[in-house]
Amino acid sequence: MSDTPEQTDAPAPAVLELSRIAKAFGAVVALTNGTLRLERGSIHALVGENGAGKSTLVKIVAGLYQRDAGEFTLDGASVDFTSTAQAKDAGIAVIYQEPTLFPDLSVTENIFMGRQPRGALGVIDRRAMKAEALALFERLGVRIDPDRPTLGLSIADQQILEIAKAISLDAKVLIMDEPTAALSGVEVERLFAVARGLRDEGRAILFISHRFDEVFALCDTVTVMRDGAYISTSPISDTTVPEIVRQMVGRDVTTLFPKTEVPIGDVVLEVRGLTQPGVFSDVSFVARSGEIVALAGLVGAGRSEIARAVFGVDPYASGTVTVDGRPIAKRSPSAAMVAGIALVPEDRRQQGLVLDSSVARNATLAIRRTLARLGLITNAAENGSARIWASRLEVKTAALDTEVGTLSGGNQQKVVLAKWLATDPKVLFVDEPTRGIDVGTKAEVHRLLSELAGQGLAIVMISSELPEVLGMADRVLVVHEGRITADIPRAEATAESVMFAATHAEGEAA
Amino acid sequence: SDGGDGGSGGGDGGNLAITFLPKNLGNPYFDTSDAGGKAAIEEFGGTYAEVGPTEAAPDAQVSFINTLTQQGVGGIVVSANDPEAICDALNEARDNGIKVVTFDSDTNADCRDLFINQATADGIAKVEVDEIAKQIGNAGQIAILSASANATNQNAWIETMKTYLASDYPDIELVDVVYGDDDDQTSFDKTAALLQTYPELKGIISPTTVGIAAAARYLSTSAFKGKVALTGLGTPNQMRDYVEDGTVTSFALWNPGDLGYLAAYAAKALIEGDITGAEGDTFDAGKLGSYTVGADGAVLLGDPYVFDKDNIGDFDF
Amino acid sequence: MTRVGHLLKARETGILLALVIVVAATTIKNPAFLFSTDGWRDLLLTPAILMLVAVGQAIVIITRSVDLSVGSVVGLSAYLTGRTFIDLPGLPWPTVFLIGLVFGGLLGLVNGALVAFAKVPALVITLGTLYIYRGINVMWTGSDRINASDMPKEFLALGTSSLLGIPYLTIIAVVVLVAAGWYMYTQRAGRELYAIGSDPAAAHLYGLKVTQRVLAAFVVCGALAGLAGVLYAARYGTVNSQAGSGWELDAVGAAVIGGVAIFGGSGTVWGAAIGAYLLLTINRALPVIGVQDFWQRAVVGVLILGAIVLDRVLAVRQSRRLTEARNS
Amino acid sequence: MTADIQHAPATRSYRDYAQPAWRRLLFTREAAIIALLAIVYVVAAVSVRNFAAPITITYLLLDVATILLIALPMTLIIITGEIDLSVASVVGLSSVTLGTLHQAGMPIEAAGAVAILVGAVAGAVNGFFITVVGLPSLAVTIGTLALFRGLAVGLLGTTAVTDFTEFWTDLAKSKIPGTPIPSVMVLFVVLAIVFAVLLHLTPFGRGVYAIGLASEAARFSGVRVERTKFILFVLSGAVSALAGIYYTLRFGSARGDNATGLELSVIAAVLLGGVSIFGGRGNILGVIAGVLLIGILGSALRLANVTSDVINIITGALLVASVVSTSVLAWIHRKRIGAGIKKGPPAPAQD
C-alpha cells in the first residue's frame, strides 16, 4: 500500500471523469447529477441508499445506457459509448449487480466469451483457454471445474466467476457493483487481495457496496450519492461511518440492530431429522414464538436449501416439519403457507418478485385467495391491501401499479417483505434479508424483524453477515456442510464461537 | 363485387354467372376441367369464375359456397372434398335459387341438382384392373396408391376393384392400399415405401393423377423401372415422359376438359329451366352433343380412355 | 472433467442409437430396407432435404428464436428453381443452387430483420411470414406447376444418382452439416450464438452483438431452406404451390428430437441432423414393419414424445452428476 | 440524533395508478385491435357488396366459432408461457370419437360427453408430460399433434360418419330466433364469460399471470404452478373436444382429418389479439377481437372476390404489423420522453 504512486493530497490524473450526468427512464429520474472521478492506482468506493443511482451510473459508464446530459471523459477525452463492447474496448471492465452468465455454457467459455484465444482458421484454442481459466482461478484461490456448465453453480460461485471474468479483461478501469453481496469472509478477503494487487499495478477500481467494514478495509476514497445526485467525495481516512451514513440518508441513524428483549413463548416450528442426500442431513431445530433464530454458516453450507425444503419448494427425502404440532405436507409451498410459514427467499429477482408485475399484484400475490370474496378478486381489494403494507414498510414508489422491476433493490426487498407479512405468518424465514440493502433500509428491516418477533412471530433468519447474526439472534444455529453443528444461545454467541463452528465439523452440537 | 350481376347476358333471363369450385387450386386436373368449363360458358355467353381453397380440406369449401350464396351467382359447379361436409352449405345455396352441379367427386344426391360423372365406378375399376393384369401376366402381388383416405370416388373405385379382382383374377393378390393424400411428395415417398415393403410386388395401380405421376417419377429412376408395372388415372402431359421411357405402358383417363365443359352446359340448362335434374331430362351440351340425366340425377360423360405409346402424342392436356 | 463431456455428447448418442435400432429392426424384418440399391439410396436420400432445413432451424433455435416460415421458404425456392430453368434456359444449372441460397437468405433476412430490429418474438413474426410467403407462392404459382420435363436432365439426375453409393443430395447436405457443425463449435461467432440463446439479457449486458448474430442466424436458416428448395425440385421433379407445406413442424420436431433445447443455448446441429433422419426413417420403416398406414402418424407422435423424454432423463442424470461433482 | 427511522419521513401516500384511466384503457394493444375491427367492419360494410347483409354475420360466426372456442383456453395457456399445438388434432379425435360412438348406437348426448372426456384425457396427457415430466410444451405438443391426429385417422380409416341425428346437426347451424346470430354463440358467450372471469377476477387467474411473468417467483409465493398448468391443458383438451363436436355436427361429417392445421390459425388469432407469446400479458377481450378481425377480413375479402392466397398474405401481414407496430410505438414513445428530458431544465446544482 505504501507504494501507491501518488499522494492522496496531490490531485492524481483522472482516468475516468463523470460530471453532472443525468438519466431518466420515462417518468423515473434515476440520476440528476452523477459526478465521479476515478484515479489511477486507487480503489474508490461509491455508496448511497438503494435507488440512489449507483448502478445506473455504472451502466452509463459501461455503455449500456446513454446519458441524457452531462460529461463523460476517459483519459481526458470525451466519450460517447453506444454499446458495452465499446466500453470494453476502451479498457473498462464491469461486474454488474445482476449476474451476466450463460447457464448452458461451460465456466471457461463464460469467462472468455467473445475473446477466446484462437488458432489457425480462427478455431478456438480450447486447451489454451482452459489453461488460462485455471490460472485465473489459481490467482483468486478458488476451485471451480472449468469444464462444467455454469448452470447449478451457487450464487457465490457465480459471483466469483464474474470477478474472474472482469479481472481477465486486464482493464484499466474495473467497476464492481456489489461484488461481495454473495461472498463469505474468506472469499471476500481473496477478492480484496486481488483488488489491491490490481491497484498497485496502477489500475483504477470502483467498488460499490453497502457494507461499510469492506469499504473502510479496502478503499482509498469514497463518494456518496443521494437521490441521483452527488453529495461528497473524501479520502477514506478523513471520514467515519456515521458521517457517511448521515450524508447518505440525509439525517442520523442510530441503532443498526435494535434488538428488543421479548418474552419467548411456545415452540411454533419444529423440524425433525430433515434429510436430502447430498444437500443436508438430519437437520433438527425448533423456533419459538417471539424468538429470532439465526442460521449462520459459510456460503454454500446449505442454509437456503433447508429453508426452501421446510417451506416446501424443494424436496426432502425424510424428516418432518410441524407447525403448532401439526405436520405439514412435503413439497407444497401452499400447504406451508396455510400452516403459517412464510419465506423471503435469497434471490429477490428470480424467486422473490414477479418483476414485470405491479407493486400491488406482487404485494398481494401470496394472499390472493384470502383477498377474494366469493372466489372473485378485484383490483380495488388488491390496491387496498397493498397500500397498507407499502406505507407500513415505506416502499418508495409513486403508484401502486408501478412495475416492481423498476424499483431499486431495497424497495424491491420491502415489497417481498410486504407480500409475506400480509399473509400474517406464524413463522417467518428470511434468507439474507438485508443483502444489497442500504443502511437506512437495513436498520428498518432489523427494526421490523424485532417488532414482528415482539408480536409473537417466530423468525428464522439466514444471514452471512456475522454482525447481523450476532446483533439480532436469540439463538444461533450454525450450519456446516448441510448439518447443524452448533446451537449457541445469544449470551454465548461471539464471532469466534460462530466462526469456529462454521468451519469445523467436529464441534457437534448437543 | 362483380360476381353477382354480370352473367345475365345469355339465355332467356337466367343468371348465367357460373362459378367453378374445384377441390383445391393449383391442381392441373382441375385446371384442365375448369378450362373446359370456361370455354363452354364463353360459348353460351355466361360469366365464368373459379374460386377455391389452397388445400383440399373437407371444410375449406364451405366458406366459398357461403360467399357465392351471398353474392347470388346463378350456378355452382363443384367437386366435393367431402360428400357430407358441404351438403348444408350447398342446400342453402339452392334455397337461394342457385343451381348446383357436382362433377368429378359427388356429394350426397340430395345436396345437388346434378352430378356429372366422368365414368362409372365399374368402368374405371375394370379398365385399371384389366390393364394391370395384362401387364403383369394375370398373376402376382399388386398394391394401390390412392389419394386421401376419405376420397369418395377413389374409395368407391377401390371397392369395385377388389370385387372384380376376386371374381376375375384370383391369382392377383392386392397386398396393400396406401394414401398419398394427392400430394406429390407424400405419394412419391409412399411409392418408395411400397416397393421396399413388398419386394415381390409386380404392379401398382394409382387411381389419381397426382399419385400416378409421382409413382412414375420414382419408378423411372429406381431399380424397379420396367420390372414393376404402373397404371391408373393420369393426364397425358404429366405421363408422356414415362410412357416414352418405358416406365409406364398404359394408363387411363377421361378428358377432364370435356368433363368441365359438360358440367357448365348442365348448369346452364338448369339455370334456364330447360331441365330440373329429373331422370330422363335431356339437354344439349354444345360440341359434345346431347346428354340424358340418369338415375340419382347423374349424367355420365362416357367411358374412360386408355392412353399408350401409340396414341399419347395426339393429346395435349 | 471428461465424464461431463461424455454425458453432454450422450444427447446425440442416444438419438443416434435410436436411429440405428430402427434401421436394424426394419432390416431384420425386410433386408431390402438397407441392402437393396433403392433401399440404401432412399435411406440416405429421403431425409437429406429435411436435414438441411433442420440444421438451419437448429441454429435459429439455439439463439432462442424459432423460424416457422421455413416450409414456405422451401416451397418458394423450389418453385423459383423451376421457373429459373423455364425462364432462363441458357443458364448453367449449377447456378440455381446459388440463386436458391441467396433467395432463401433474403427471405431469412426479412424474418431476421423483423425479429432483431423490431425486437419482437420470432414465433409470431415467422408465423406471419409463414402465411405471407405461402400466400405469395400460391399467388405466383397460381395453378401452374413445374414438371420434371421443365428441368434439365443433369439437374434431375442429381436428385437420384449417387457417387460411390452415396446420393449427391446427401453429400451436399452432409457437407453443409459439417460446415455448420464446425462453425458452431470452433468459431467465436458460433459460440456467441449459444451465449445469446442461453441468456439474451446477459449477452446484451456482456456486449455481444446480439442483433447482428440473430440476424445472421435467420439468414443462414433461410439460405439453407432455400437450398433445400432447390434440392426438393431436383428430388421430386414436380413443384406446385404447396411444396414444403407443413415442414416447419417437421424441422422443429427434428431439432427437438435431436436434443436442441427449445429455449435456446444448448444442442447441436449434429443432433438436429440425426433427428431429421430418425423422423423420416421411422416414417419409411413403419410400413415395412407392417404398421398400417393410418396409424403411422400416431407412432411418429409416440416416438417424438419418447425422444424428448429420453433427452430429459439424460439431462436430469447429467445435472445430478454435476451436483455430486460439486459436493465431492 | 435519536430520530427513529420509523417516524422520520411523513407517511407516504400512494396513487392506485400512475396514469389516468382513459390512458390506461385506450393506449393498449386490445384497444387498437378493437378499433381496427370496427374500422374494417365499417369499411367493408360500405365498400363490399352484400357484406352488410345479416347473413354475413351468420356465416362469419359459424365459421369462426371453432377458433373462438379453442382460443379461450389457448389464451390462458399462452399467458402462462406455454403453448398447445395439439388442439386441432384433439378436434379431430373428438370428431372421430363422436362419430364412432354414434355409429355404434350411442345417442349424441352420451357420445358427446365421452368425446369431451377423451379431449380432457388428451389434455391431461399433454399436462402430464409438461408438468410432471417437465418437458417444454412446444416440443410435447408437436408430438401429441402427431399422436392425436394419428389416433383419429387410425380409428376411422377411410370412412366418415355422417348419419347424425338431424336435431343436433340442425341445432349446430341454427340461429337464435329473430337474429342472424348462430345459437352456438350462446355456448361461446357462456364459456367466454367463464374464462374471462377465471382469468381476470379470480386468484387462479392472478396465478396464471404470475406464472407467465416469473414462474419461479410464483412458486415461491405459493402458486401451484404445475397444477395450474395441468388444469389449463385439461381445459384446453376439453374445450377443443367441445369445438370438435360443434365442428362435426355443423358439417355433419366425422372424419379423422377434420380441422387439420387449425392450430396455427388459433395461435395467430390469439397473438393478434395482444397476448404475448412470452407469457404474462394479454386478455380475453383482445383475443375475441383478434379472432373476429381475421374472420371479418376473410369474409369481406372473399366477398370482394379476393383469392385465398391474398387473404393469407393479409392475415400474415396483419400479424407481423401488429407486433412490430407495438414495438415501434414503444420506441417512439421512449425517444419522445428522452427528447423531453434533454430539452428540460438543466440538472440542479449539487448541494
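All chains are identified by letter, namely A, B, C and D, in their written order; residue positions are counted from 1 within each chain.
One rule holds for everything that comes next: a contact is a pair of C-beta atoms (placed from the backbone, for glycine too) under 8 Å apart; a residue touches a chain by one contact, two chains touch by 3 or more.
Keep in mind the model is a prediction, meaning the values are calculated, not measured.
Student: Work out which chains are contact partners of both chain C and chain D.
Tutor: Joint contacts, listed by label: A, B.
Student: Averaging over Cα atoms per chain, report the distance between chain A and chain C in Å.
Tutor: So the centre of chain A lies 44 Å away from the centre of chain C.
Student: I'd like to verify one number: the distance from the centre of chain B to the centre of chain C, where each centre is the average of its C-alpha atoms, in whole angstrom.
Tutor: Here the centre of chain C sits 36 Å away from the centre of chain B.
Student: Measure off the straight-line distance from the CA centroid of chain B to the CA centroid of chain D, and report it in whole Å.
Tutor: 39
Student: Counting in whole Å, what is the centre-to-centre distance of chain A and chain B, each centre being its mean C-alpha position?
Tutor: Centres of chain A and chain B (C-alpha means) sit 74 Å apart.
Student: Where in chain C do residues touch two or more of the other chains?
Tutor: In chain C, 134, 138, 241, 261, 294 touch at least two other chains.
Student: Give me the residue numbers in chain D that touch at least two other chains, ranges are fine.
Tutor: 153, 157, 256, 261, 307-309, 312, in rising order.
Student: If you go through all the chains, which pairs of them touch?
Tutor: A-C, A-D, B-C, B-D, C-D
Student: Sort out for me which residues of chain D touch chain C in the complex.
Tutor: 85, 129, 133-136, 138-140, 142-151, 153-154, 157, 256, 261, 264, 267-268, 271, 276-278, 307-313, 315-320, 323-324, 326-328
Student: Flag every residue of chain C that touches chain D in the complex, lowest number first.
Tutor: Those in contact with chain D are residues 66, 114, 118-121, 123-125, 127-139, 241, 246, 249, 252-253, 256, 261-263, 292, 294-302, 304-305, 308-309, 312.
Student: Which chain D residues qualify as touching chain B in the complex?
Tutor: Per the touch definition, chain D meets chain B at residues 48-50, 53, 55-56, 59, 63, 153, 157-160, 162, 169, 173, 247, 250-253, 255-261, 298-299, 302-305, 307-309, 312.
Student: Can you name the residues of chain C that touch chain B in the complex?
Tutor: 30, 32-33, 36-39, 42, 46, 134, 138, 141-145, 147-149, 159-161, 232, 236-243, 245, 283-284, 287-288, 293-294
Student: Can you tell me which positions in chain C touch chain A when the two form their complex?
Tutor: That would be residues 1, 4-5, 186-188, 191-192, 194-195, 197-199, 201-209, 261, 264-266, 319, 322-327 of chain C.
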